[in-house]
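Each structure below is given as structure tokens.
Each of the two complexes below includes subunit A, the first together with subunit B, the second together with subunit C.
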Partner chain A sequence: MSQQVVENSNSLSLKDSLVKEFGLTYSKNQASEPEALLQKREAALAAFQQAGIPTTKNEEWRFTNLAPFLKDSYQMQPTGCLSREQIEQAITSAQVKDLNAYRLVLVNGVIDFSFSNLPENKQGWTLQSVAELKAAPAFAAVLNASLPIEKYPFAAINTACFTDGFYLELNRDFSLDKPLQIIHVYGDQENLFLQPRNIIQVNRGASAEVLESSVLVTGQLLFVNGVTEIQVEENAHFKHAHFQVGEQQERWIMHTQVRQLRDSRYDNYTLTLPHADLVRNNLNVILDGPNTETHLYGLYMVEDKHLVDNHSLVDHRHPNCMSNQLYKGVILDGGKGVFNGKIYVHRPAQKTNAFQQNNNLLFSPNGTINSKPQLEIYADDVKCSHGSTVGQFDEEALFYLRSRGIGAETAHSLMVTAFAFDVTNKIENEALRAHIEHLIEKTISAAQA
Partner chain B sequence: MANKEKDEDILEQISNQEYEFGFTTDIEMDVLPAGLNEDVIRFISQKKNEPEWLLEWRLKGLHTFERQAMPNWQNFEMPEVDFQAISYYAAPKNKKKLGSMDEVDPELLATFEKLGIPLNEQKILAGVEELEGEKPQVAVDAVFDSVSVATTFKAELSKLGIIFSSISEAVQTHPELVRKYLGTVVPYSDNKFASLNTAAFSDGSFVYIPKGVRCPMELSTYFRINTENTGQFERTLIIADEGAYVSYLEGCTAPKRDENQLHAAIVELIAMDNAEIKYSTVQNWFPGDKEGKGGIYNFVTKRGACRGKNSKISWTQVETGSAITWKYPSVILQGDNSVGEFYSVAVTKNKQIADTGTKIYHLGKNTRSRIISKGISAGFGQNSYRGLVQVGPKADNARNFTQCDSLLIGDLCGAHTFPYIESKNNTATIEHEATTSKIGEDQIFYLNQRGIDTEQAVALIVNGYAREVLNQLPMEFAVEAQKLLSLTLEGSVG
Partner chain C sequence: MLNIKNLFASVEDKQILKGINLEVGAGEVHAIMGPNGSGKSSLASVLAGRENYEVTGGTVTLDGKDLLDLSPEDRAREGVFLAFQYPVEIPGVSNINFLKTALNEIRAYHGKAPLDAKTFLQLTKEKQKLVEFDAKLVNRSLNEGFSGGEKKRNEILQLAMLEPKLAILDETDSGLDIDALRIVANGVNKLRAKDNAFVLITHYQRLLEYIVPDFVHVLYNGRIVKSGGKELALELEEKGYDWIKEENK
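Up next, the complex of A and B:
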């Protein structure tokens, strides 16, 4: 009996350790942060404590049971640092063949300029660590400007506890000549729970292309609860690709909050491949001005009891906006996929064109897919539609390929590539497209081995 | 301390007193005082001379009801419902009676006129009771206003072995059948309103079609003999045994007044091997005034189970009435090769709310389902489609097709779609598509140009839009429903 009590006190629940972590960081932050930010953090903690870690009784988490991931204990701050060799190796493994791009490297959520390769012209852009920036008085006002944390418990606890991340600003009318690849390197001797906060500000008329990916270099568990806030201002164009190729020890809850002002364009590509244990993407795009254009493309391949959950919200608040969403899923043996997309059209948002499509391919018998596309429409002069399908390989197409002397494995691989083509072909950068196509093929042949 | 005991004594006395007056007297009572508790349930059960098992089941329902929280996931604001303010037992004629047709709301009369309802029926529907010594007319079974018609039908049905009676009567005459099937599709703990219905159901229909019998006519509450005022907690149980077929109609196109605001009905359908049940509903309860006040809350649990191989259950509904319509007629496809269908038209105008759709559970092999839902919103109406298509791990080759379209008339209404698609089988093929748009200006222009005014044009377009669903209704019903649709939308354009 007494032994059990001791055990319990040693292993705090994740919620308790997060609250404890807040206490620790808060006392440190008190010295450096302005009052407004501290208040925001306190309010966020209160919101988190009230909501708690969501269970499957919460409609937004109905298919994503977090209970198995809460059993492990985590360090809230990295305990040691990675060696240069480890980081270099990680960067090499994240390299995309033939991709001519700038590079930004973050190690456990902290910018490392020594590994980065950034544009030389410093007129057009600003890159700063959030740790430096948060002392600025104006920072608190920008933080969570369009993110209602009371609805998102994980974004709330991130707000309460974050210590660092990157801040990227593109100046007015500046256009980045090459894509920027952001490589997140993670690893520690202990299980690690990280809460990075990244902010991207694309000013009026600017344009840029950013590609994010991550590498885990140690064998310990990694739980990332990240929030990225993006503001795309008037006439700006931001292309944002996110590659999620992971190891089994990885758990991800990523919140991306995008606010678009008038005449802007935002393109998002979220490509999730095995083997991370849990991937939950919250992608919210707030259309806060007329005449905007938004494209969201997603591809997820999931296997072996892992779970990929894509939640998205496209919030049409002004007239004449166009949004287009296409998510495709391939559910391999034992995988679990969730798609939950919402299009919300407010009353003033007349002349809205909103499309949403989710297609799923169940590759093997033990996969599960839960799809919930939603439309909530309060304006009448709109064209909105959504579609969702769940299916398997077309027997006739397979037969056709087989009858031409193509082996079963190659035929499957061909058909998955064709299925994914609708998404991959939207990737304009050829090197990136070739890279992702290669990854898809690799995943399929591994699945069939 | 002494005081407290005294208080308790008094309390006990009072409660005993009430019991004495309220529940053990032999005097015929018309209406039970408002409130819901065990004694009320016992009283209802006793009144209906129900067997012990049914009483126990009702009590289980009551206890579950008391435990359950109000649902909060729906896409509208839940109105306050005071369950203790409702009287759970009323002998027939709970309606407010009017002295003559002059007292009836002229708008209602105009609607009757347009629907072409004979005067006698109009009186019944509006709840007019004229004092010329006639017996009070109750419930809609009198729509065809002839006991002889009903008797003829009943004779014909019983020749075939079909049992068609009120559920209270069936409990007396066929207790074994009722006991075997009642509550097997919608369990007493299904949801708060289902539990409430289980505890307090007043009456409803019972249909049993024996093996291999094809019911020769459309069954409907219209013809049911001995229908009492089934009231707000109706319970329907339909069983089609092996190879049987039945088509059942519920409701009425004419707008119906009712004093009860909350309606929580349950419909259970059971289809055995090769059986088919077709259930059609036209619902046009009082929707409330233009501000949405006083309308009916129609919270219904409808579910069918395709128990046998090759069985089929098909729901068709035309929902134009009620302040709030909240129901999801569902099908559980247990038997191999079974088929489930759902066709729906839901119209909301003024401040009406509809949160409706279906749930299809694919459990057996080669099961198929088809969902066609057409929502029309006008004025301040809010129309939500909420549907679930679930494929179990053993449901090989399951096939589903879902189409739900929404039409918006005016810029203050809303249309929402919440489909849930859950598949655990890789041989399943599921398709869902939904669109939302307003009536095309070019379509209206085309009709205007041919001399059809805008209002008629809209009626025409809406009828065309809803055609796929209306076609599923039995013919007479389809014609009426078409008229009803045009009528409902009158005044919402221009």
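Up next, the complex of A and C:
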């Protein structure tokens, strides 16, 4: 493989660097991985090479120009280790006040059990590194089970190259008694491009709540091309919150592929606050059984020169499923937001209830939002709705607050908090809700400073 | 207390106030009446600092302090309160948080520490009772889904909490049934004191049966054309506004 690769990686395009990385990991993997997985990786590489890194000519990337983020060169594997102090500091900064939760720590995509605090009852769950798991013969069959990589070049190259990640399995009828906070710590002496692959398997009748967040501890660039596959089986309930609060030198392309089986419920909260340069979330939920329930809540606050792009797909394939999506965006001065929400209702999916709403608040005239709701319905007995709005501050409401002695800055902050309320009040965990409300206030007062 | 001298104001180049002169002393209640479109609500807006109004002449002072130079929030902090004709609904801002924020920002302006939670709740309870405000509404979103009467009562609760020097009630009686009107009026009467003052803006005399003013002024075509005691309101009720229009052609 990849004989054409030249030695000096600085001169390589990101695409070539990724292909080169494939060559390096592939030869290592040949010794340990089953043939079926190796074949899947090769096919994934071919899909990536065929598609290339998407440009704005690709409809799915029309509003998200990656070119400015492709100029830098990255190491594809960490060049060193983070110190215990750095990791401890990162964990402290990721702490949510008053949140009583278990903790799983990953450092540059690799589980670190020594910093983790996991439930003692080991009967109900399994936690394993993907590096270990991928040697198992059955692994290749579950990989990308519902993820068509030919449509997603970044998920394809992740499939081709991933080395590690976490595998979390919740056993049948097991309920996790506290939320699990997963803290992803990243950092290196060099610019780093990482491709973690995580898998969450929620078995029949199980329930759990997971909160993911990340911390970058060094000043170098970080580009994460992550894929998380989640399977929520019959009658299981999985609550999944993702806090994306970062530093300017972070770039994220996150693909979350969820497959729900009958009578299951999946709730996702994606909360993106400054300052990461680029955040692209692909969230696809495949409703692969009847009578499921899905709630997707999103809040994004985008600041100057930054780009947050939420692409989602809710794929109704069976009857009697309900999905509800509410995404709210606050576009600060110079920020750019993208929302592309697709609901697809297949012919057999009668009695579908599918709702989607995207509301945006332009904090300043210099913000940009591209909102594209898409509804494709092939069944005839369904209730579906979608809506998209872009608005500015209600001047009358601002004046009302100010006429009571509330200063302009506080009034703006109250109004943004109120705008976000429809999403934040859906967060049932009080500590999490207070945390996010605090972050919103902080962002707004910084924006006005 | 309030001193308005030769006040001119316009909206989008249209002259609305054309030389208002008014003095309101501490402990007094003034009613400003007048036909629709005479500039009553505009006067209230200008005093509170609504931004689309441009003051083109004259002065307004509160206890000697120039109000026109101040932002709406600083006017409120100096002691001006406008009870809105149409109180705004703000979903997601809780009534209680709104009251607390307003109260503490006013206190901070005067160099006072914020109220602790217990004192604040006690104060809220006390004032709620005073103005007969349903305790359940306090925890709801600000004015969201409130009936017209509840919204107006909420204005009076805010008035009771913030204890302004000068309260301007803009058509507070509009849209109220007789019971709601009585409750709102009772609230105002309980809040009347020798160191504060009220300006009631109203189209009808009805409110003045419940809140008895010391002075009544008639505003027409951007100017105060007649002033008198409470009997002037009765005269207006009886004769309507046509004779005022006639006199000021």
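Methods note: the second predicted complex is superposed on the first by the 439 of 449 C-alpha atoms of A that agree within 3 Å, B and C clash if a C-alpha of one lies under 4 Å from a C-alpha of the other, contacts with A are read in each partner's own complex, and residues count from 1 in each chain.
Following the convention adopted for this analysis, a contact is a pair of C-beta atoms (placed from the backbone, for glycine too) under 8 Å apart; a residue touches a chain by one contact, two chains touch by 3 or more.
No experiment lies behind these values; they were computed from the predicted model shown.
Undergrad: Where does A:128 make contact in the superposed view: on subunit B (first), on subunit C (second), on both, or on neither?
TA: neither
Undergrad: In the superposed model, does subunit B or subunit C contact more residues of subunit A?
TA: Touched residues of subunit A are more numerous for B.
Undergrad: Which holds for A:388: it touches subunit B only (first), subunit C only (second), both, or neither?
TA: After superposition on chain A, A:388 lies in contact with subunit B alone.
Undergrad: Could you say whether A:364 touches subunit B, subunit C, both of them, or neither, answering first, second, both or neither?
TA: A:364 sits against subunit B, while subunit C stays out of touch.
Undergrad: Should A:58 be classified as contacting the first partner (subunit B), the second (subunit C), both, or neither?
TA: neither
Undergrad: Is A:419 touching the first partner subunit B, the second partner subunit C, both, or neither of them?
TA: In the superposed model, A:419 contacts subunit C only, not subunit B.
Undergrad: According to the stated criteria, A:347 is in contact with first (subunit B), second (subunit C), both, or neither; which is it?
TA: first
Undergrad: On the A-aligned overlay, A:375 touches which partner chain: subunit B = first, subunit C = second, or both, or neither?
TA: first
Undergrad: Intersection of subunit A residues contacting subunit B with those contacting subunit C?
TA: none
Undergrad: Given the complex with subunit A, which residues does subunit C contribute to the contact?
TA: 48-51, 71-73, 75-77, 81-82, 84, 87-88, 90-93, 97-98, 101-103, 105-106, 109, 141, 158, 162
Undergrad: Going by the contact rule at the top, pick out the subunit B residues touching subunit A in the complex.
TA: Interface residues on subunit B, with respect to subunit A: 73, 75, 391, 393, 406, 408-438.
Undergrad: Applying the document's contact rule, which stretches of subunit A touch subunit C when the two form their complex?
TA: Touch list, subunit A to subunit C: 394-397, 399-408, 410-411, 414-415, 417-422, 425.
Undergrad: Sort out for me which residues of subunit A touch subunit B in the complex.
TA: 59, 63, 331, 347, 350, 360, 362-392
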